[in-house]
Amino acid sequence: MQKLIQGIHEFQRSIFRPQRELFEKLASGQSPDTLFITCSDSRINPNLITQTAPGELFIIRNAGNIIPPHSPHVGGEAATIEYAVAVLKVKDIIICGHTHCGAMKAVVDPKGLEELPRVAAWLAHTEATRQIIREHYQHLEGHARITATVQENVLVQLEHLRTHPLVASRLAGGTLRLHGWVYKIETGEVFAFDPEQRQFVPVTEARLPAPPTPVSHFQSI
Amino acid sequence: MQKLIQGIHEFQRSIFRPQRELFEKLASGQSPDTLFITCSDSRINPNLITQTAPGELFIIRNAGNIIPPHSPHVGGEAATIEYAVAVLKVKDIIICGHTHCGAMKAVVDPKGLEELPRVAAWLAHTEATRQIIREHYQHLEGHARITATVQENVLVQLEHLRTHPLVASRLAGGTLRLHGWVYKIETGEVFAFDPEQRQFVPVTEARLPAPPTPVSHFQSI
Amino acid sequence: MQKLIQGIHEFQRSIFRPQRELFEKLASGQSPDTLFITCSDSRINPNLITQTAPGELFIIRNAGNIIPPHSPHVGGEAATIEYAVAVLKVKDIIICGHTHCGAMKAVVDPKGLEELPRVAAWLAHTEATRQIIREHYQHLEGHARITATVQENVLVQLEHLRTHPLVASRLAGGTLRLHGWVYKIETGEVFAFDPEQRQFVPVTEARLPAPPTPVSHFQSI
Amino acid sequence: MQKLIQGIHEFQRSIFRPQRELFEKLASGQSPDTLFITCSDSRINPNLITQTAPGELFIIRNAGNIIPPHSPHVGGEAATIEYAVAVLKVKDIIICGHTHCGAMKAVVDPKGLEELPRVAAWLAHTEATRQIIREHYQHLEGHARITATVQENVLVQLEHLRTHPLVASRLAGGTLRLHGWVYKIETGEVFAFDPEQRQFVPVTEARLPAPPTPVSHFQSI
């Protein structure tokens, strides 16, 4: 704790003062373009890995970067997504998983979860991930199996995200893009899901989702 | 979006490589001492303001740094708290609000919320905050009223946190401490609630909660 | 049943008539100073043990003297607390557990609960109590373990009580005090939690909570 | 508060000591025959008006002596009823309303309820009472209208009680009886609903519900 308080002192001296103008300007409001959803894991710092400054990323963090599908029961994720889309009008939403994720290890191997009833209840929202791993990744073991779980879970949570009313509507209107990322702790690399290759590839090589052009699904018949 | 991808490139070159050893070591596991709960607001970077490195802060972020009280319905907050306390055995939990908080502005002035049904439902967990402001802060207006709301809400959410079973148990056992903080965007200062003075004071001047010494409440009667 | 009807007859003859004036006056309204929350157990009569007359104690009784934390789902406890605080403006709230409590025995030893699904669901609100007993009272057995459960549960339910908006607001304003009591059936003694000693002590020896002096938490920052 | 503590002292001296044997015996367990459900109102003391001793009445108290119908969401009332019927095997359940009931006044005249959102939500369980009063008691005003509401509400809550699974089953088996009572504060009288006369009559004149003889509804067809 004492270390954090010293850190605050250091922040004020060496970070805040030289950039005082930026911080003062931020007091008048935020207008981030991106909602970044990631795990609570202490090894991830979204601003560090994207080299972004205060004001650029609106952030949701919970164990496992999980987004429950739309439901009448509203939790923190649904409310925060609504705020990001309706009020801040973000243009991109990234769900970013990461290697060595404790929550994903529990998806692969649920022993120990009986002692963690609330974690177990929360992981009910990864049931599709679990099913995919069980049916399609029997051949993988150990680290590879966990990494497959991390990747598939990002895609499962993106599907959940699509069920949120405002997200669905902005996707239909072409004013929002969704991105699935995985951060590799041991190499500092970020991989993005490329919808055409249907694979996670280095983020610099991934095609972005189609440019947002409003397309009506409606066909007069 | 392109800016983020360039940022990742820059991160790998100038941050990851010089600290490769730290990151490689982190791949083997995390053992943060602190759970840091704060708002999704883009202007806050917990690691920046405490000058902490990857691996040091386990982080929950949602709109308004809200923690619903313990309930049979488990959300991301309850699950992530359980993971932090039971698995990571964090020693400190900080709830950190901030000035100019959009969620707290909506607590003070709920007009516009009818268009944001999920934000409105989520703010039901700030009902105590709203009541306190209504009953005790009628004399404050504008910025001061919002800042009072930010401060009182941190204290209300700390009360909610105490109802979570593992938090209650570790507090009873003297192995966990709770802290209420407010980050002032425009000056970079952090204020902590001092339980003795019953006021928010500069974090460097706040007394820490009593050192965690296990005291049994049980008295043979 | 016949005994109750004879009792009513006896009540009218020997209790009501001599105190007719009190009862007639009560018809015009109630203004109790205290909300007394206790178990449904037939062995407890709050008015008897405090020697109070009709009009003095507003009373909530349910199995286990349990108060669910504030939640959007409103039950009898939340509504009755709101009425007591907002309309009657009670100055003190007592949560009073008791030795030999059947609900607390079920917290310690849940066998049999599978036949009582609603009792089991209700005891979800004692999850923190259960956790504290599991982590800190492994050394106690039998009667002592149950008594520790009774005591810890009173403290857990007091934490739940603090999350109710009007309770939170009146505590912030210094116009309400909370008390944790345990009634010992076999000796007629009442023990109160003394916040300074962090122990239950005979009620006559317990320090009362700090006199309610309104202190604003707000600090202009 | 000081008065209560002196009362406890007085209780120990003048009540407990002369009856020490009763209290010591009660420590070994309770076996009440009756579940008594009444309002939280401070002017009611169920043991006083029925002249019963500790151990005789198992008691539920909330604002308005309201019992929500059976539902998947379990509250204190449902759990406590289950405990009374399944574990204590009570033979009689009494719902006892009372004249000058604040909750019933709010049913008749809901102005002021917008300031009491939780009381208002709780009174949703008196919607049938409200409807009956609106449709059938337009000719009554003032005190008479409120007393009609008190009486009709007791009958409405008895219907709710019948929806609880164990109550329904024990009624079908003829091992449980339900009673509707109204306590008149200003005269000390108790009125009971007589199912044959379909009126509230002095409790000493009311016919008890048919003696519990098990009757099967099943007819071989």
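All chains are identified by letter, namely A, B, C and D, in their written order; residue positions are counted from 1 within each chain.
One rule holds in what follows: a residue touches a chain if its C-beta (ideal position, glycine included) is under 8 Å from a C-beta of that chain, and two chains touch if they have at least 3 such contacts.
Composition by chain, UniProt nomenclature: A, B, C, D = Carbonic anhydrase.
Worth saying up front: this structure is predicted, and the values here are computed from it rather than measured.
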Query: Which number of steps is the smallest that gets you from chain B over to chain D via touching chains?
result: 2
Statement: Cα superposition of chain B onto its copy chain C, rotation angle rounded to the nearest 5 degrees, comes out at 180
Message: With centres defined by CA atoms only, which chain is the most remote from chain D?
response: A
Query: If you average the CA atoms of chain B and of chain C, how many Å lie between those two points?
result: 31
Statement: chain A and chain C have mean C-alpha positions lying a whole-number Å distance apart equal to 44
- prompt: chain C to chain D: how many Å between their CA centres?
  reply: 19
Field: Junction residues of chain A - those touching two or more other chains
entry: none
- prompt: Taking touching chains as linked, do they make an open path (line), a single closed cycle (ring), a hub with spokes (star), an all-linked set (complete), or other?
  reply: line
Field: Those chain pairs that satisfy the touch definition
entry: A-B, B-C, C-D
Message: Help me check something: in the complex, which residues belonging to chain A touch chain B?
response: 1, 3-12, 15-16, 23-24, 26-30, 32-34, 40-45, 47-52, 54-63, 66, 68, 73-84, 86-87, 91-92, 94, 99-100, 102-103, 115-119, 121-123, 177, 179, 185-190, 203-204, 208
Message: Using the touch definition from the top, list the residues of chain C that touch chain B in their complex.
response: 68-72, 99, 121, 124-125, 127-128, 130-132, 134-137, 140, 144, 147-148, 151-152, 155-156, 159-160, 162-166, 168-170, 172-173, 182, 184, 189, 191, 193, 198-201, 214-221
